[in-house]
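Here the chain labels run A, B, C and D in written order, and each chain numbers its own residues starting at 1.
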Amino acid sequence: MTKTITDVICPFCGTLCDDIEVLVSDDGKQLLEVNNACVIGSEKFLHSQAKDRVTKPRMRQEDGSWKDVSYDEAADYTAAMLAKAKKPLMYGWSSTNCEAQSVGNEIAEISRACVDNTAAVCHGTTLIAVQDIGLPTCTLGEVKNRADRVIFWGCNPAHAHPRHMSRYSIFPRGFFTGKGQMSRKMVVVDPRVTDTAKMADAHLQVEQGKDYELLNALRVAFRGEWLPDVVAGIPKEKIREAADLMKSGRFVIIFFGMGVTQSLSKNHNIDIAIAVTKDLNEYTKCSIMPMRGHYNVTGSGEVFAWQFGFPYSIDLSRGFARYNPGETSSIDLLARSEIDAMFTIGSDPGAHFPISAVKPIANMPSVCIDPHMTPTSGVSKLHVPVAFNGVETGGNCYRMDNVPIDCRKVVEPPAGMLTDEQFLVMVRDRLKKLKGVA
Amino acid sequence: MSEYIIKNGHVFDPVQGINGDKKDIAIKDGKIVDKVGSGAKVIDASGKTVMAGAVEIHAHIAGPKVNLGRIYRPEDKLFSCTPTKGMERMGGGASIPTTFKTGYEYAKMGYTTAMEAAMPPMFARHVHEEIRDTPIIDEGAFPVFGNNWFVLEYLKNHEIENTAAYIAWLLRVTKGYAVKVVNPGGTEAWAWGLNCLSVNDPVPYFDITPAEIVKGLLEANEYLGLPHSMHIHPNNLGNPGCYQTTLDTLALAEGMKAKNKFGRESVMHLTHVQFHSYKGTNWGDFESGAKEITDYVNKNKNITIDTGNVTLDETTTMTADGPFEHHLTGLNNLKWANCDVELETAAGVVPYIYSPNISVCAIQWAIGLEIPLMMKDPMRCYITTDHPNAGPFTRYPRVIKWLMSKKARDTQINAFKHKDKVLSQTSIGSLDKELSLYELAQMTRAGPAKCLGLGGICGGLKPGMDADVAVYNFNPDKPVANPDDIETAFSRCAHVFKSGVEVVKNGEIVGTGNKRTLWVNVKVNDNPQVMRDINEKFIKYYSMTQANYEALGHHFVPNPYALEVDATHV
Amino acid sequence: METVTITMKNPPALYLEADNVTPDGFAGKTAAQIAELSVHEGNTTSTLGKYFEISGNAGATAADTKIVVKGDVKKVKYLGMKMSAGEMVIEGSADLYVGAWMTGGKLLAKGNVEAFAATAMKGGELIVEGNAGNYLGAAYRGDWRGMSGGKILVKGNAGSDIGMYMTGGEIVVNGNVDVHVMTHAEGGKTIIKGNTKSKLGGQLVDGTIIVFGTIETMLPGYKPNGEVELEVDGVKALFAHYIGDMGERHKKKKGAIVYGNLYKKI
Amino acid sequence: MTKNITLNLITGRTIQQGVAIESGKEKPSYRTAAGIIEMDDADFKRLGLWKNTNVKVTSPHGSVIVKAVESAQGPNPGIAFIPMGPWANAIIDPNTYSTGMPTFKGTPVTIEVAINEPILLGIELVQVQCGVKVG
């Protein structure tokens, strides 16, 4: 006998699809089939079943080999490392639930660490922009029900958020968008002819690194002012056409991604895109939304914010919270040699930081908490494998539009494996003893 | 559980009609009792003021827009974050404090219960996570209904029973406390960039007016017999001339009577009245409409209000009145955040500086004080700052100072750059009334508790009630030498007990109490049509599944306290 | 004026936060008292005297106090933070936040300074003889109140995002600057004697940018507005005049719209 | 002199990279998905390079061996694409401009043929660069 679990939440990307169906064995120990998920999401669920999974914490030995240790020993090492460090960095948090993030914050507070999430290499610059200019946004259902102009700027949902267009943005028939795709005009701004760009009604092939100029030109076009003949590789006529197309919409939505957050101008690209959004609200209705990457990077920002007041890149070393990306952000902390211990959870800086920011990790006390073997675990002193969040344990997560959705546990983790939260509680309790905190 | 006896304090408890008498307050097993054993711990309150724990009826302290405010205002925390200290976690934020700081600050001022004034239902999990992480104080949250598609569709045909069944369902799945209405119809219009500025402006597409929404929700609220009345932020907030819309809204409650088992007598609570009491036609001839509004409220006993006092600070405005925030960013050009929520509501956030050098701000300050000073029944008018909209809640002691001391008000008036304008456009200069401690207890304890349907539980010191007690370093027998002493006394309590646990001593946090989440569990008759409608909306229009929308596990509300309502009899 | 000299003798393993090293922090103190001022390295707190050798007593007030910082302070942050008066000389290069939030006095860095120097500066004078980092004279994150007064002179080059949210005061860079100059500014003036890259004056409401060298890419929001002769820093020359950012909101003064001005030497 | 061309390097997600990271970064499938450089047909011709050959990609910040493949998405002459991951991160511009964000997109790189050079596995590549014993 098998059983089907419905309304399962996919713990891969910020789309946080919650309509997945999973077939499990009667004893709840085996996950047999995944339906409705995209190919990445399916793989995420199915990989939990891999027979070659690391199930025990491991310490790196001098010769490069690994030695299995118990969770107790792993927690001892982690607590001792954090207790001793003058300025530890606790990075990641985006692939775990809010409950674990909360325990992590307690640990960070006691050890006066720097804490950061993967926004550091993802939408951190979006957050900076939002702090400078605000953010008129909406939930994804608003897009589904109302949007007749959909702009993808520097993002490629066909690859990065595979079900985004079918669930929310392009194809669904909503309350005021009964004709689905036919109700909408799709515009893509990308220096490459991406798979998403190929679907668009209009593709503005912006010169890479000149999004700021193009967005500036759109604002000028809205106001009917003078424009140079070509901006960022796009003729002014085409820019004015695009401006008119946006203004003529009844509900415009701009989605944006790494193409703008990681290109030259970074936060300014987002800042001026938000200015464009604000401008459009003088003519019609317009919202803008970051295409958040990790399935719970948004949640990490939320928990940081209500507990410490800032959404990422927080420095608690002085005993109170401070924030200034450029100083307190992970890449800068690592590259500037500001920290002396590295704690990673729910992310893989080894694979996703520039190598110059990875090298320091290999030269300091380091712990990597991750179900997978990763480049980060590969250069850390201790690797603590844990249960897959959203598959083997539940917990709250926040979708890219900040909507909270409680993830479900669908299958048991391998015998003896702990969840992030359980391991963090062990570390916290040990740390409290070491620091003499009640 | 420890027993306590608070001895020889000057007790102010409108619930029992105690007006400053020297009385002992006994605490046992979390409740106020008649007497305790000789082993009870003695708290010497001689020369001090003793009141029930205060009740916050309207503040934005938990949830998505509050956190958006925190996220997008790092400058609100610059140089002001506080370290871990004893039992206290780190804190930060002047106008939008972190959850920990929120709990500590309320408790230190003697508040033990607070209501989050606007919960977008779809974000209930977020609101509850923050409530869970706000220590000490009991909290409830009001889901917003005034722009909800179900409500608009049912009330278009005046389907009260269906509206009520939907309200019951939503309160249950969101663990909500009351029916909140914000800019009825206007926020749905905002989804298209529009607004409803009067009670008769039609809502685009839905073919209903704000008046019909308000009337229908008033009826549904009494049909169910909920603990709290319908709680409304009416249309046309903050505009010169808006007092007329406010009067039109209040008139919708005419002739209605409260029906409930919780001792509530009002049917409509109109919130942050200060923002809705403006006369004039533009910012130039802007003037106070406090008299017109309070005249009406004084006459109509089924109305309660709270003030929304401007505190003259740099703060962060945030409201489910999306179009208002868009309007505001156009006025001050500061950063604008907005979030429209599918089928339900919206929210906007804009920083704002209430400068004493700007005449409009000074007039707003005066209107906020005129209202409670003009109210004849302090049991129907409650002190708020609509935190953080008119100012942070941490300024309550200052507002209390202004209300209790004409001298303090005059000092402030004289400090305004446009003093003459304040005096000509308001009547603040001619109001001599100074609030008594008894009236203060009515406006901050007994009144709001009764209005929330919590009158039997908190807001008073009657035996049997929760032992929420605040002891202030304020001697009512002594004349106030300096009005600032009032502010100092009400800023940091000598003692605070929350459900019988000492949580504050000498202004410091000494306990975290047994923080509860208050919600209202309504039983209604089975209503298959409403269940079908809900099911259909999720399949067609929501972006999440009904099962996931309804999921709100124990980890979100670890210590719930449900007020049970049986509406099956109707 | 009394002079206090502090000389680095035990450089920190990580970075040192020395926000007390200002004329205001030293005023009225003896060398021994100054040595007891707190400094922070990571999560540890210790005293200034553990890292620096201190000689000389401070004056009675900040205005009467001059501080000379010697030795390797490349890993010292917050030197001169919030200073309101007096003088400070950093003989070498310093790290982040030099002169941040300063309101008065004179601060001279003979080497380079890293990012966030003169954040939200209100008054006084900052002179950097070497190069300045990013966000020179910019606002703190989220704040719309950037540099509002005072004067900054950088003799070398400056980084990106200088003068962000500037509302007043003046920045002069003798060398080149990186991308983004005076973004979101609502006043103030920046003079760049060297070359610039791109994104000058983006979303600028009001203010003046003067460039002597080249502009790699001009923002489309800047509209050509003829040529003018200007005298800048004693140099008289012909400049191409642009107004902008035409895409941004603008204030009105006496019925006329006020634009930002960008001048490029011809 | 070895022939080389200069392209503007962009990194980012591909669906294949997404699947590969979930199936295991220690596996060759990760290398197949992300240890590649996608180039336009025209650029292959300019370099005189056969598709599916190993190349050395060099920037001011480092160099890495990856397999040159024809862009799955395009045409985009002048632009090279390495899926996000350790191969791209060996060479991208780490300058954050004091925002915390490296410049992952828009790094000028030169590409030269390196048929005989091996492409390392993901974890191995990072370990080698960090001077950690491979294991």
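Please note the rule applied: contacts are C-beta pairs under 8 Å (C-beta built on N, C-alpha and C of every residue); 3 or more make two chains touch, one makes a residue touch a chain.
These figures come from a predicted structure and were not determined experimentally.
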Middle chain, criterion being Cα centroid separation
A
Looking at A-D and C-D, which pair shares more C-beta contacts?
A-D
How many Å are there between the centre of chain A and the centre of chain D, using C-alpha atoms for each centre?
22
Can you check how far apart chain B and chain D are, centre to centre, with Cα atoms defining each centre and the answer in Å?
56
Quick check: how many Å separate the C-alpha centres of chain C and chain D?
39
Can you give the whole-Å distance between the Cα centres of chain A and chain C?
34
Find every residue in chain B that makes contact with two or more other chains and list them.
72-76, 335
Multi-chain contacts in chain C: which residues touch at least two other chains?
115-116, 134-135, 140-142, 144, 179
Can you list every residue of chain D that touches 2 or more other chains, as numbers and ranges?
97-98
Name the graph shape formed by the protein chains and their touching pairs; answer line, ring, star, complete or other.
other
The chain A residues in contact with chain C across the complex are 85-87, 111-112, 128, 131-132, 210, 212-213, 216-220, 222-223, 225-228, 231, 264-265, 268, 271-272, 275, 279, 317-319, 323-327, 336-340
So, in the complex, the side of chain A touching chain D is made of residues 12-13, 38-40, 43-44, 47, 50, 52, 60, 62-66, 120-121, 124-125, 128, 156, 158-160, 162, 191-195, 197-198, 208-209, 258-259, 261-264, 266-267, 293, 313, 325-332, 335, 348, 350-359, 361-363, 372-375, 377-379
So, in the complex, the side of chain C touching chain D is made of residues 115-116, 133-135, 159-161, 178-179
Mind pulling up the chain C residues that touch chain A in the complex?
13-15, 17, 40-44, 96, 115-116, 134-135, 140-142, 144, 165, 179-180, 183-184, 198-199, 202-203, 217-221, 223, 245-248
With touch defined as at the start, can you tell me which chain D residues reach chain A in the complex?
8, 10-15, 18-19, 21-26, 61-62, 71-76, 79, 81, 84-86, 89-90, 92-94, 96-106, 122-127, 129-135
